Structure formats: structure tokens, C-alpha cells
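Data first, discussion second: the structure below is written as C-alpha cells.
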């Protein structure tokens, strides 16, 4: 190793290190580059398509669109959805199948959206809620149809 | 076990790197035989998170099994899904619309950049520099935001369905991607100053983990790992799928065969991906985003193999179908598994610090290896 | 090289090979006993040069097991699929990990998931499963004692 | 305050360190278990002994250090008087350093400073 | 003018008036001891907080901001957490050495406080071989690391300790040589003399090139001797999980942690004393007015300001650079730093003898 090469090596090394320090020094002095969000105070606006959990839409008359066809149950890869059906008396006296309980296991759900795609009546959709942590796992098993809700008129 | 005892008698030290170790990025166990600081042997022990995805897929329908594959190589989950969907489409002979093809490729490349960004930060952290990790996450975050807008999820998007994509692009997509390209071009050069040019980084990576071209082929390495050894193995070039044959991009090949060339391949690949995105972003054709498919997919009897280029290398999807709604046997040829097998060969004679650098440049994602 | 030319060439190398129709690649079956010398020739023969073993799979056909090797040549860019039927009760086949080193890991994986015995494999310990694991999980008759899906 | 400060500092260091450990001992309740006592090795049992014969690489450096450190100790008194002695001190040290540097180059050529 | 020196003198005088000399001395000892412990505690709290904030701003984060205003009390909360943690002793370890190691680390750090001039006339022990004392005591620290690594019965710890041993003994040479360059210029090992010699200007400015080179080598060697990144091989967390203190938990870990930070403070304080004039205000030659304004700032502020500047520099290194490999680390010392600092010493001697400095 010649002496000139030796000095050149040192010069190059020091230069590359100083360039690196310039970068971190830039960020140290430019506080507006900070990207931290203080989570509970500053909540990020979630995307409208964000998939947080499955919900069933109810209108103001407490009516939903679910016919209990179990398309979503079949589409689900994890066995997240269990539909319990019952027979209801229609005004004409006919017996009609309707849902009793739409059981949704949030703890098994991977938010893959396949159930929403499979639903023929758009009864369920994905909601943006993401703060799902609870102390007891059983609270993650939800019944999506609200108590006393009925199927909407005209949905087959 | 006997072998290990005899090694100890020779004054060697056997040390476990993993399963709970900061540099294995997951639960990988490496049993390392050391002589002083010099590595004599590295023996990977896998399976800490083996979920037998192949067995699981045997009981899922062709629509359902795609989402499971997001959990394999979770950093390029979209590309995994892509490979699976391609295999199903090949079997069903579904022709997918142009728009869906372009969207898929765009998302593939965004995923690749996101994956490489994370690798870049993690790699720097393996070598002891913390700051690049946070910096790289900023760009990655921008990409995941774009993903979230369109796909509804940030990491395991499950955006691809057989026949196209699940939903159409978000109206903001083009604007945001363009903003990202601008940000990326600006910041990536800074990062090269901070990391690539740094003398310590270079000396840590140069002539470390040398894997010759022949060895790379013999060990079945693919992706940037093999391309760093001068093997041209980019599936996008060799066996183009979707619209890759119409795009202008270079297959990045470095012939240094060491960690630094693997590093350079990944860094340069990010620029190539950006150029692919630039070519496509203004030319997304109008039309359907999904082909009409039957409600229940049934692959004909036979065997189907497709491969895609994930961020880590070649992902092969091999479906054996018996004509039912579920695959009879499915095999994922994951890139990480083969790449890992070369680790012992590379690590011999290096130091512990080198091992960390090597694992960093192999870009191991443990669920991808374990499946 | 087109598939037809490849077939002719392969028949020269191994006359007893049987070809399967369909698929994008040449599909051929060999007997397990013939596999090892055939593999050597695949790797070494001029014009074939299969140097890249990219996938090693085993399929459980309930009556028998079948090993599937996907090979390609980085020089000529042609690929073949080699299959070999194994006896289900005593599946044995020679290892090829001295020809393609990637086979070492892939064979270990298939060995523990399907119970295939790769003869002369240098290190056929369990790679993924625990050392005391019983059974071969990817076989069709394997019943998992803990099944998460059937809650 | 003189050399007594050493004693004061040693005592206060011991008070600080031992006191800290004792205070923390009072504050937690000890739970004994075998697993807690195991050496940490990424969550798997240790293979072999940890107290092993170690590679000589580290010790070579310690030896060379010894030689140079003695030299360094010689330099301290010289450094104090160098200015008052004048140019003779410079000549002396050049000779001293030259001999040392030759030794250093010899060690370097022999590969003693190379991590094997 | 308000100064720490006057306060100590008046306390001393008052004590001697009120009590008999022996008791007064004892009370002084107690005061000094308590102050040393307090300095330790405060330094630990401040430096850890500073490190967190510096790293946060360099990494586009805000850092701790929950406990207290702007997260000021975060380290305080952490200390309480560490106090409440159970200190485990691995069953296979050498228990005596294992418990002794953190105490030694603290003693070594504490002893180094003695010759440091914190302000004008504010120094515990102005011994005439101050610099030599510092070099001597600072090598004790490596013993505690070796002890901790060896006694833990853990392979990571052992590797970390061995690395640290090789590293610290190597870097002590160039640290010593760079200090010697200043000693030659001053002609004394006494801290007060060194500070006094810089009244007309700091050695960094008036010592020409040799002082600059010596300063650079000193900073590098100081970073290495305190086991800081990029030389933190003894605790390289991506290789050895936590290196020599892998097995330490609770208060024993806290003591190591504290000793590390206090050591940083001390080497920076020594660096500030040698190269930046210690508590001496910034003076420029004949500018009387300017010098007078500078004199108005208390000497303790000057000292702490310079020290914290050097600490910031060392932190800046840590959050920018990756870690070196062990052989590269030793290469750097034996191939570059040692020959350079030897040559530099000759240069400094020539400058000192022929009086070429300002």
C-alpha cells in the first residue's frame, strides 16, 4: 500500500462518513419532517375502503337485507360466519325462512372481503373500525343483526 | 447430536442464533458452530411457524385459497396472490381484461418497492444503523397508504381474484402514485448517500458471503440473491406474464457475487420498478377490472405450474387438480426456502457479523420459508 | 429446443422413459431405480444441461406416491418435469442432492411431510417438524389431532 | 481535597450500586423457577459449556497491546519535560518511535495484527 | 461573580468555623459523596433522555412525549421500572463475579470524576498526574465487562466480553497517544495546568494540525472505549442480542447502563478539557470586549456546554453509522489510528519545542 493510496483511503472514508452525518444532521434540524402521529389524540383518516370488520347495514326502520342464503358462510375460508335460520310466519300465512342470528367470529376473521363479494343482496359490508382489542375473547364473537330487526321488503 | 458433541471437543463453540434473535427477523433458528469468531458451520432449523399452508389449501376452494397465500411471504403478499390467481386462470383458461392486467402489474411493482424498502431498512439495522429503518418506513408507509385506498388493507391485501382484481382502482390512485414517485426519486438518492456510499457499509458487505454463479444455480437461488451472482433469472423477463413483455425495464444483474452486489441489485430494482410504474400510470386502459367467471371454479383434471417474480425470487405455484372445486395437491415453491439453503455455503469462514449481513442480503422472510 | 426435440433427445438418454401428454413442459416418468443415473445424465449431457432444479414435490395418490421434479436449464431455457412412482408403504428413491444442491433442503422437507426415504441423503433429519413428530402430515390419510377449523 | 477523594468516591460508588440493588430487592417479590435461571440463548437450551477454550485471536492483540502500553507509559514522563528539554527530546523520541515503528511493521508483516 | 468555586470556599470556611476540623472534613466527605451520587443519577437521567430525543429527531420521530412535559420524566419512570424488576441471576453463573461486575463498573466510572475540573476552582482532586490517572482508571472499566461476560455462563456474553477486551485495549493506545500530543504542548499532566494553558485559545484552534488530528483520534478512541456505536461490538444487538449484559436484568442492568452513560460524559469531559479548554471561556486573542463578554458566562456552563457538545457528537455518530466488524475494528486501530497518532505525536512535539503554536 503506497502512502498516497493510504491517505486517499482515509480521505474517502472520512468524506463518506461526513456525507452520512449530513443526512442525519438534516433530519435532526428539520423538525417538520417528523412523521409521528400521536395515536389516541391524532387519529389517521382511514381509507374509505379500509377493511376493519364485517357489519350488517340496517336502515332507520331496523331492517336489513340479509336473506340467510349462507353464500357468505360458504365463501368464508376460516369459518368466521355462522348463520342460524328460523322460519317466520308471513302475513299470508306462508312459512318463510329468515335469519335468526348472524354470528360473526371476529377473532377468526382475516378481513379478506370474500363474504362481502359473495353476498348477493349487499347485506353486509366492511367497516373501518380497527380498535378491536378486548379483555375477553368471547366478546369478539358478535351477532350482526340487531335485535328485533327484520328483512327489508322486496329483498329476495 | 453426536456430531455436535465432537465439535465441542475440538474447542469449538456451538451457538444458537434464533429462534428469538433480533437479526433473524422471525423465528428462524440457526445453529452456528464457531471457532473463535469464525463460522465453521451454519445449520438452519425451521418450522417454528410452519402452518402447512399446502395442506390447508387442499380443503379450500380456488377462490378461497388465494387469500391464504398472502400469509406466506407477507411482504410481497400481492405477488403471491398474483401467482396463485395466474395458476387458476391458466387451468380455467380465463382471459382477463387489459385493465386488470395493468392494475395487477402496477400493484406488483408497488409491492416490490415496499418490500425492498423494508428490506433496506432492516438490512441497515442488521448492520447496526438504526436511522435508515425509520426513513425507509416513511416511503413504505406511503405505498401502504396507496394500497389501503384501493385494496382496503395495508399488508395482506387479498386484492386479486381469479379473473381480475376485486374492486376497481380508487379515483385518487394515479395522483397518489405520482406523488409517491416524486417522493421516492427525491429520497432514494439521499438514502444512497446515507447508506450505499458509506465506507462502513461497503466494507461490511464487500467480499462477504460469496456465492459463485454455479453455486447460486445449484442451490436453486432465485431473485436478487441469484442476480447478485450474475445469474439472469428474472421471471418477468424470461417467462413474461401479464404485460411484462410490453414493458421497458432492465433485469438488474451484478456480478460481484457478494453481499454488496445483492444489496445493489435490490436498490437498483427499486428504480426499475419505479420506471415500470411510470410507464403504466398514465396508460391504464379503460374497461372491466374483472372477467366474468363462474360462481364456482373447477379446474380441469391435470397439473398446472406458474411462476412469478416476487420480491425475493421465483415463486412457483404447482396445482394438481382432480377436477374438483378444491386442489388435490398444491405446492408452493417459495424463493426463501432455496435461498436459505445456500446460507451454510456462504457463511463458512466468515464472522458472526458477516452472518448477519448475509442474512440481511438474503432477505429472509420466515413464513415464506416455513409456509 | 422445442418440446418435440427434447423428447427425442431424452429418449436417446433413457429409452425406458414414458412420456405424458399435455402440459406446457415435457412430462416423463422414470422408475425410482433409474432416476439417479438418469439425473446424472440430465445434468451432464451436452444439449440438455439441466442445471437448475427449481421444484421438488411429492403427491400422494392414495394408491402410490409420486415424486415430481421440475428441472430447467439456465443455458438453453428448456424445462422438463420428471415423475417417479413410489411404493406407498415403503417409498424409497435415491437422493439427487449431490447433483443439485438445492435438493438437500427440498428432499428433507418432502421426507418429513410425506415419509419418502431418500437413500444416501447426507442429513435426512427433520427440518420443519419437531423431532418426535409422528406421521406424515401431507399424506391424504393424515388426521390432525388438533384441527382448528373444526371448532 | 486530595487523595482522600478516591476513598470517598469508592465508598459512594459502593453505596450507590449496592444500595440500588438492595432497594430493588426490597421492592419485588422473588419467584423462583428453573426456567428463569437458564442462560438466554434465543429460547433454546444451550448446547455444550459456555466456558470454553477460546480462540487465540483475541489474546494476540492483548499481547501486542502490552508492549505498546509499556511504551506509552514511558512516553508520559517524557511528554511532560519535552518542551523544556528542547530539540534533544525530539531527536530522542524520533529514535524511540523509529525502533517501535520497525517493531510494529515487523508484527504487521508477520500477520500478528491480522484477524485469522 | 457567582461561581461554584466561591460557593465551595465559603462552605468550607463555614464548616471549619462551626465544627472541629475532623468533623468538618467528614461532613465535607459526606457532601462530596452525596454530590457524586447525585451527579450520577442526574447524568443518567439527562443523558438517556438526551439520547432518546436526539435519536428520535434524527429518525423523524418525536421520541418520548408522554411522561411529564415533552416526556421529560420518561427516564425517571424507566428507572422506577428497573427498580421494580426482579434481578435474575442465572443458575449456572459465577454468582460472586456476576454481582461484583456492575459494582466495579460503577466504581470505575465514579473514580474518574475525581480529576475533572467542572468549573473554576471546582475540582475534587487536582493531582499532578491527572491525565495519567484518567488513562489508568479508565482501563478498569474493561475488567467489569470481562467479569460480567465471563461470569454469566452465556455464550453471547462471553463473545461480547472478549470482543470488548480486544477492542478497549487496542483503542487505549491511540487515546493515550492523542492525549499525549496535548500533554507535550502543555508540558504538564495536571488538569488545572492544561486548562490554564488554554486561556489565550483552545488547543483545538491554536495547536495547528496535530491538535486537530489528535482531537479526531481522541473522539474515535473515546467512542470505542465507551462501547458506543459504531464500535458497540461488545453489545452488538443484531449479533449477540445484548452482548456482555445479556443476562443482567433489573437494577444490575441499570447500573451497567448508567456506567456506560457516565463514562461517555467523562470521556467527553476530558476531551473538552484537553481540546476545548475545559471551563475556560472562549477567548479570541486581543479582542478585550469580546473576551470580557465571554467571561461573563459562568465557567460551569462553559464546561457543561462543551461536554454536551461532544456527547452530542458521539450520539450523532451512533445514530448515523452502522457497526464495524471485529476485524475491521482492530484494523482501523492498528493500521490507521495507531500509526497516525504516533506520527502526530512527533509533529506535536516539533510544534511544541519550536514554539510554532499560537
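First chain written, first letter: the chains are A, B, C, D and E, and each begins at residue 1.
By definition in this document, contacts are C-beta pairs under 8 Å (C-beta built on N, C-alpha and C of every residue); 3 or more make two chains touch, one makes a residue touch a chain.
Just so it is clear, the model here is predicted, and its values are computed rather than measured.
A.B. asks: By the touch criterion stated at the start, how many steps lie between subunit A and subunit B on the shortest route?
C.D. replies: 1
A.B. asks: Once the contact rule is applied, which chains count as partners of both subunit C and subunit D?
C.D. replies: Chains that touch both subunit C and subunit D, as defined above, are B.
A.B. asks: Looking only at C-beta pair counts, which chain-chain interface has the most contacts?
C.D. replies: D-E
A.B. asks: Please identify the chain lying most centrally, where each chain is represented by the average of its Cα atoms.
C.D. replies: So the chain nearest the centre of the shown protein is B.
A.B. asks: Nearest whole angstrom, what separates the Cα centre of subunit C from the Cα centre of subunit E?
C.D. replies: 63
A.B. asks: For subunit A versus subunit C, what separation do you get between their C-alpha means, in angstrom?
C.D. replies: 41
A.B. asks: Could you please state the distance in Å, as a whole number, between where the Cα atoms of subunit D are centred and where those of subunit E are centred?
C.D. replies: Centres of subunit D and subunit E (C-alpha means) sit 15 Å apart.
A.B. asks: Roughly how far is subunit B from subunit E, centre to centre by C-alpha average, rounded to an integer in Å?
C.D. replies: Subunit B and subunit E have C-alpha centres separated by 45 Å.
A.B. asks: Touching at least two other chains at once: which residues of subunit A meet that condition?
C.D. replies: In subunit A, 17, 20, 23-24, 27, 35 touch at least two other chains.
A.B. asks: Specify, in ascending order, the residues of subunit C that touch 2 or more different other chains.
C.D. replies: Residues 149 of subunit C each touch two or more of the other chains.
A.B. asks: Touching at least two other chains at once: which residues of subunit D meet that condition?
C.D. replies: 41-42, 46, 52, 54, 57-58, 115
A.B. asks: Contact residues on subunit B for subunit E in the complex?
C.D. replies: Touching subunit E from subunit B are residues 13, 15, 21-23, 37, 124-131, 133-135, 138, 194, 198, 200-201, 203-204, 351-356.
A.B. asks: List the residues on subunit E that touch subunit B in their complex, please.
C.D. replies: 55, 58-61, 155-156, 159, 163, 229-230, 232-233, 236-241, 319-328
A.B. asks: If we count contacts the way the header does, which residues on subunit B are in touch with subunit D in the complex?
C.D. replies: The contact residues of subunit B facing subunit D are 4-5, 8, 11-21, 29, 31, 35-38.
A.B. asks: What residues of subunit E sit close enough to touch subunit D in their complex?
C.D. replies: Interface residues on subunit E, with respect to subunit D: 25, 28-29, 32-34, 36-37, 40, 82-93, 99, 102-103, 106-107, 109-111, 113-114, 124-125, 127, 129, 131-132, 150, 152-158, 162-163, 165-166, 169-170, 172-173, 176-177, 180, 183-185, 187-189, 241, 246-247, 250-252, 254-255, 326-327, 330-331, 334-335, 338-339, 342, 345-346, 349-350, 352-354.
A.B. asks: Which part of subunit B faces subunit C closely enough to touch in the complex?
C.D. replies: Contacts found on subunit B: 44-47, 50, 52, 54-55, 59, 215, 217-222, 231-233, 238, 302-303, 305, 307, 314, 316, 318, 320, 328-329, 331, 333, 337-338, 340-342, 345, 370.
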